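Here come two complexes built around subunit A, the first alongside subunit B, the second alongside subunit C.
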Partner chain A sequence: MCVKQVAVLGDEVEFTADERDVDPDYLDYALNEWDTYATEEALRLCEAAADGEVVVVSVGPEDAEEAMRRCLAMGADRGIRVDSDAWLDPIQVARALAEVVRAENPDLVFAGVQSADAVQAATGTALAELLDLPRVAVVTKIELGDGNATVNRELEGGVLDVVEVDTPALLTIQTGINEPRYATLRAIKQAEEKEIDVRQPGDLGEPAYQVKKMFVPPKGEGAEMLNGSAADVAQKIKEIVEEHTG
Partner chain B sequence: MSVLIVAEHLRGELRPITLELISAARELEGPVAVAVIAKDPSALTDAVDVEGVNEILSVKVDQEEFENDVYQQAVERLIGQREPQVILLGFTVNSMGYGPAVAAKLGLGFASDVFSIDGAAGGPVATRAFYGSKVHAEVEFPGHDRVMLLLRPTAWPPAEGAGSAVEEEVSVSISGSLARHKEFVDVATGDVDITTADFLLSIGRGVGDKENLPQFEELAGKMGAILSVSRPLVDQGWMPNSRQVGQSGKTVKPKIYLALGISGAVQHLAGMKTSGTIIAVNTDPEAAIFSVADYGAVADLFEVAEELEKLY
Partner chain C sequence: MARDPKYDILFEPIQLGPKMMKNRFYQIPHCNGFGSEKPMSQAYFRAMKAEGGYGACCTEYCSIHPESDDTHRVSARLWDDDDIKNLGLMCDMLHEHGALAAAELWYGGPHAPCMESRAVPRAPSQIPSDFEHLTYPKEMDKDDIREVQGFYVEAAKRAREAGFDIVYVYGSHSYLPQQFLTPYYNRRTDEYGGSLENRARFWRETIEQVKDAVGDDCAIAVRMSTDMFMGEAGTQLERDCLPFVELVDDMVDVWDINVSGISEWGEDATPSRFYPAGRMLPWQKAVKDVSKKPVLGVGRFTSPDLMVEAINGGSLDIIATCRPSISDPFLPLKIDEGRLDDIRECIGCNICISRWEIGGPPLICTQNATAGEEYRRGWHPEKFDPATNADNDVLVVGAGPAGMECAMILGKRGMRRVHLVEGSDDMGGIMRWVPQLPGLGEWARVVNYRKIQIDKLRNVEFIPNTELDADGVKDYGAELVVIATGGYWATDGLNGATHDTIPGADASKPNILTPEQIMRDGKEVPGKRVVIVDNDGYYMGVSLAEKLAAEGKQVTIMTHLGHHAPYMHFTLEAPNMHRRLHQLKVEMVTYQMPTQIGNGGLTSAHVYDEEHLTEWEADAVVLVTQRRSNEALYRELKDKVGIDTLSSEGITGFYRIGDCVAPRLTADCIFDGHRLAREIDSDNPEVPLPFKRERAVIEREAVLTA
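So, the complex of A and B:
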């Protein structure tokens, strides 16, 4: 289970002095939404098999353990954090994860399709390449077979591609594949006791890109705003609807 | 800048993203080659022969439909042979399955969900969003002679105009496919077809709870609208996929699109931004939906819905 603690930007933003990132004071942090679904799916597969262990791996600073603890509270068994405080591109993250994941020799590797903050949809597939694993991206259903799995790949426009993939494999998990469980208070407490092993990354190579400049997007013409009370807004909506449907 | 585009097709039809990639490539002012990887590439070459394409590379493979390993091996071979400076793929589910693998293996510069490219100064500079689309960033690729960019669907218009590309057959031997296409399943078409509606009342995460849905179904009925939803409501299992607007759901173009409690994720906007008149109600004045709306109101959707109930 590869997970990420994502940054959430509020209504206000200031940039760092070099204008290449957002000032961290303006960021909150959370477990990536896709990763909650991936964790749930891993737990369900182990529960169905009445066997197995779910190991959560992540790349980030010590604070990122908060997101990992969320997964541990859901029921994952233990965690491994690759320590890094640097801005990494998704291929570098894959390199940081590869060594740790390889050493665990897992039957299945899950990652979220993408992270909510950077939306790159790349780490899982790059990791599969580095591990030399078969892979399917954007999975919404998994049926395990013997030496393979039959999975649904969610294409654009409401079409599913049913794919047979050899296992071990890496799958990137899409939201909606299941209904992630809530951790009980007791489980959250117990998760504090679970082991998170910390490793140092090896050589992560040259970055695949570098941020040159970050900025607030220029506002387009934007919408004509309807002001006033809810009743005023409703009245105006009715008028607009009548005008355009006629 | 020399550009290699990988065409996308499904069930024998070219996907619209391919022509959008060609539009983007034209801005880079280099020779543009489009690779068609298919069992019968000749069935698709006419569709990609549009203005601005210099070469069409036909790559004949055994597989009718997309498979990760087939595309990965073919594209790696093409990059090795043609040495393009820029490789353009769609930021699509297919590309997500092999693009990052090619970039990791060949050590390419890489960026995804790119919606603007500047090819003027030395290497390409790509623009993409970070932090939930609230900020944009220009990214560059120092130290990389070759850069793979996955471009956001609908960010460029489809390329048009008659082409005069040269066709070349490229033979690539594919050694095994570890994730094999079996069949396609169309997600059950529901009771209504939201793509033909003139008036959609669309609701999102803002409705908060499943118990609130009947209220909006009723309101849509009263207003003469069809109810549609954004992805989170389908993920929760509250509404069927057939009602979903967005990239993974349906692309809609009603005369009126009334969005209540939809913040406007990129994938949602791609599915509705060409609607006739868009009205958005959201409590967050910074919600991205306002950037594509014609009319907006920063208001509580339940209060507005209640008032609308009274008027119809």
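So, the complex of A and C:
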């Protein structure tokens, strides 16, 4: 289970002095929404098999353990955090995760489709490539077989693909695949006692890109409110349409 | 966040005669039950609004003389020097926040029953009040007129001495100056009656005398109703009011413009059920068009956009608020700071006003549990002390009004974790379906405000679709447990009239229904003819009558009481509710109590003649008889699991709040949830801490030796 603690923007946003990131004072943090669904799906598969272990893996600073503990409170068994304070691109994150996954040698690897903050949708796919695993993206249903799995993929416009894939495999999980459980206060307290193993990353290489500038684009021209009776409004709409269609 | 520049105009200062008001937010005169005799409560209540950014705050109606004694209701009073001391505190505290203080000088005429003073009120003509029972005034001769005008002048001087910056000569709501102006009250044939000039004479002379006495130091405000909706007899805008404005405009520093008389003053203090915000703007604009002076007025404004529109549209110069300032005393500051989603919007239920109408008790507010508690409980609507037991986790079971409020306040008090667990898929409890009754849409603000606040609190988590049983609560892992499982309408006709069930009443049958079954569960109301049995007396029975009649049913509403929905008289909803039901041809039956409900209808008895039975045909019977607490979970935990077992599971506090203790007003449910959260770290949170009481305390020995 690869998870991420994502940054959440408040009502107001300020940027750091170098204009390359959001000022951390204006950020809140939470478990990535996709990862909540992925955790639930992993737990359900283990519960259905009455066997197995869910291991939560994340790359980040110590603060990121808060998000991992949410997964542990839902029922995941233990966690592994690759310690890193640095800004990493998705390939570097995948490299850090790959070391852990190789050592754990799991039957299935889950990641969320994307993270809510960076929205690259790249880490899961990159990790599959590094591990040389088959991968299926945007998964909305999983049926485990013997040495394989039948999964649904969500496409545009509500169309679904049904794909059969050999396991081990890497699946990126879409929101809505299930209804994630809530952790009771007792489970949250018990999760505080669960093990999170902290490991140092190996050589993650250089990032493939750097953020040059982050900003809020200027607003476009304001909307025009049409007032008056229904007939007046209809007349104005007609004029506007005619003006723009020549 | 910073203020949106489009709201800048609301924060521009404005000159009112000799005084400068710092912005355009004005708390209109409104009652609170404190008057001059609970001066600490009065001062703290008004000062909270000044702290929240109001540029000026006014007293409630402020009696100028014992002849204008509204007992049993509570007004402020400026009868003597001791009243100056008491109301002076309010002025001082407003001034500390840079706000102006206003006094609404009031002489009620026949509407003042004088039950404490036993004085005889005076009036233009000897006609008893249309608002009170059995209050006859003395008809004023010219000496009386001079004398009463003198009362105004003396009271104005006392107001100045107390520290008031604005002094009213108050006419609206059918009080003395407006009585002279209005043919309905004024049947005189001398120079104070008849022509407009004559009917205006008393008010004009009084303004003149008050202006002469205090006008160099105080702004003179005149509050006038510009339409009484009474045809020829009532005050009319064009015939009476606009000429009156032109007549006295030079002497007036600020106009306070509204509509209605006193007997239907719900046309002014409009329930949201019948009117949207800003309903008086056309009248206010009409006055502004002819006056050279600033105009202020109410309109239950909670939206800053509507406020700006009222000013830019030339209707008002100053935004006056009454109920929205009770619901959120920090309305101006929140607009100033760009925190619009923190505004606790008034829902227009008029439960605040109901307390004045009942006479005596302090006001309450559905949305703001701290209203009226500023002094006696020391509650601040926006500030919360960290709880001394904040290292505890709390489980709140049930996300209705009480549970939401409790979880929100516990979150604001910094409890480590608060879980608000709800069986259905969203927050709100009964306030999810009550706002779907006709006209009650704004009541959903109760839910919306709390939802937004809870969403912002990182330590509060809302958990839907989770029905907890006793084991679920016991094993949940919380140190503090609050049960807020609400209530339900009796399904067997149990009621407060007979203290018994109604034979044949059983809402599991298809033709017998309860309010939740209709509104929440979608149970179909069979057939054409419906009898609603209402022993509750507030909004539920009549609202369902309106709904079902509007849907084409032939509706009879039956009550054992002498009036339908008597509590709606106090909330000012009664007149228009009656109009609506009458127009919808709802049959309204009083003093009748069902004795038997069958398949084809019911039998009822006259409550004062039990032998006199009447048969009613009905395809459906709706039981609005009484509510019950939904206390099954609480009882199981307390009686079966037991406090000792709970405590061995680490549960050190076990409480319940809201309807699941006893069904009550939503305002009281929210208060209950708020109260528990405020006192969660007291020695025994189950029992409310005592509140400060303002009363005369005697020295016994000194009395006996005197």
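Criterion: the second predicted complex is superposed on the first by the 221 of 246 C-alpha atoms of A that agree within 3 Å, B and C clash if a C-alpha of one lies under 4 Å from a C-alpha of the other, contacts with A are read in each partner's own complex, and residues count from 1 in each chain.
Everything below uses one rule, namely that contacts are C-beta pairs under 8 Å (C-beta built on N, C-alpha and C of every residue); 3 or more make two chains touch, one makes a residue touch a chain.
If you're wondering where the values come from, they're calculated on a predicted model, not measured in any experiment.
Once the two complexes are overlaid on the shared chain, A:189 sits against subunit C while remaining clear of subunit B. Of the two partner chains placed by superposition, only subunit B is touched by A:241; subunit C is not. Legend: residue contacts after superposition of the two complexes on their common chain; A:214 is shown touching subunit B, with no touch to subunit C. Touch criterion met: A:233 reaches subunit B, while subunit C stays clear of it. In the superposed model, A:11 makes contact with both subunit B and subunit C. Here subunit B and subunit C are compared by how many residues of subunit A each touches, and B touches more. When the two complexes are laid over each other on chain A, subunit A has residues 11, 179 in contact with both subunit B and subunit C. Within the complex, the subunit A residues that touch subunit C are 11-12, 28, 179, 182, 184-189.
Within the complex formed with subunit B, the subunit A residues making contact are 7-9, 11, 13, 20, 22, 27, 89-91, 94-95, 113, 116-126, 128-130, 134-138, 150, 152-166, 169, 172, 175-176, 179, 205-206, 208-217, 219-220, 222-227, 230-231, 233-238, 240-241, 244-245. Within the complex formed with subunit A, the residues of subunit C that make contact are 1, 393, 395, 417, 419, 458, 461, 463, 465-466, 475-478. Note for the complex: subunit B touches subunit A at residues 10, 15, 65-69, 91-94, 96-105, 107-113, 125-126, 129-144, 150, 153, 178-187, 198-199, 223-224, 231-232, 234-237, 241-242, 244, 247-251, 255-256, 258, 266, 276-281, 284-286, 290-291, 293-300, 303-304, 306-308, 310-312.
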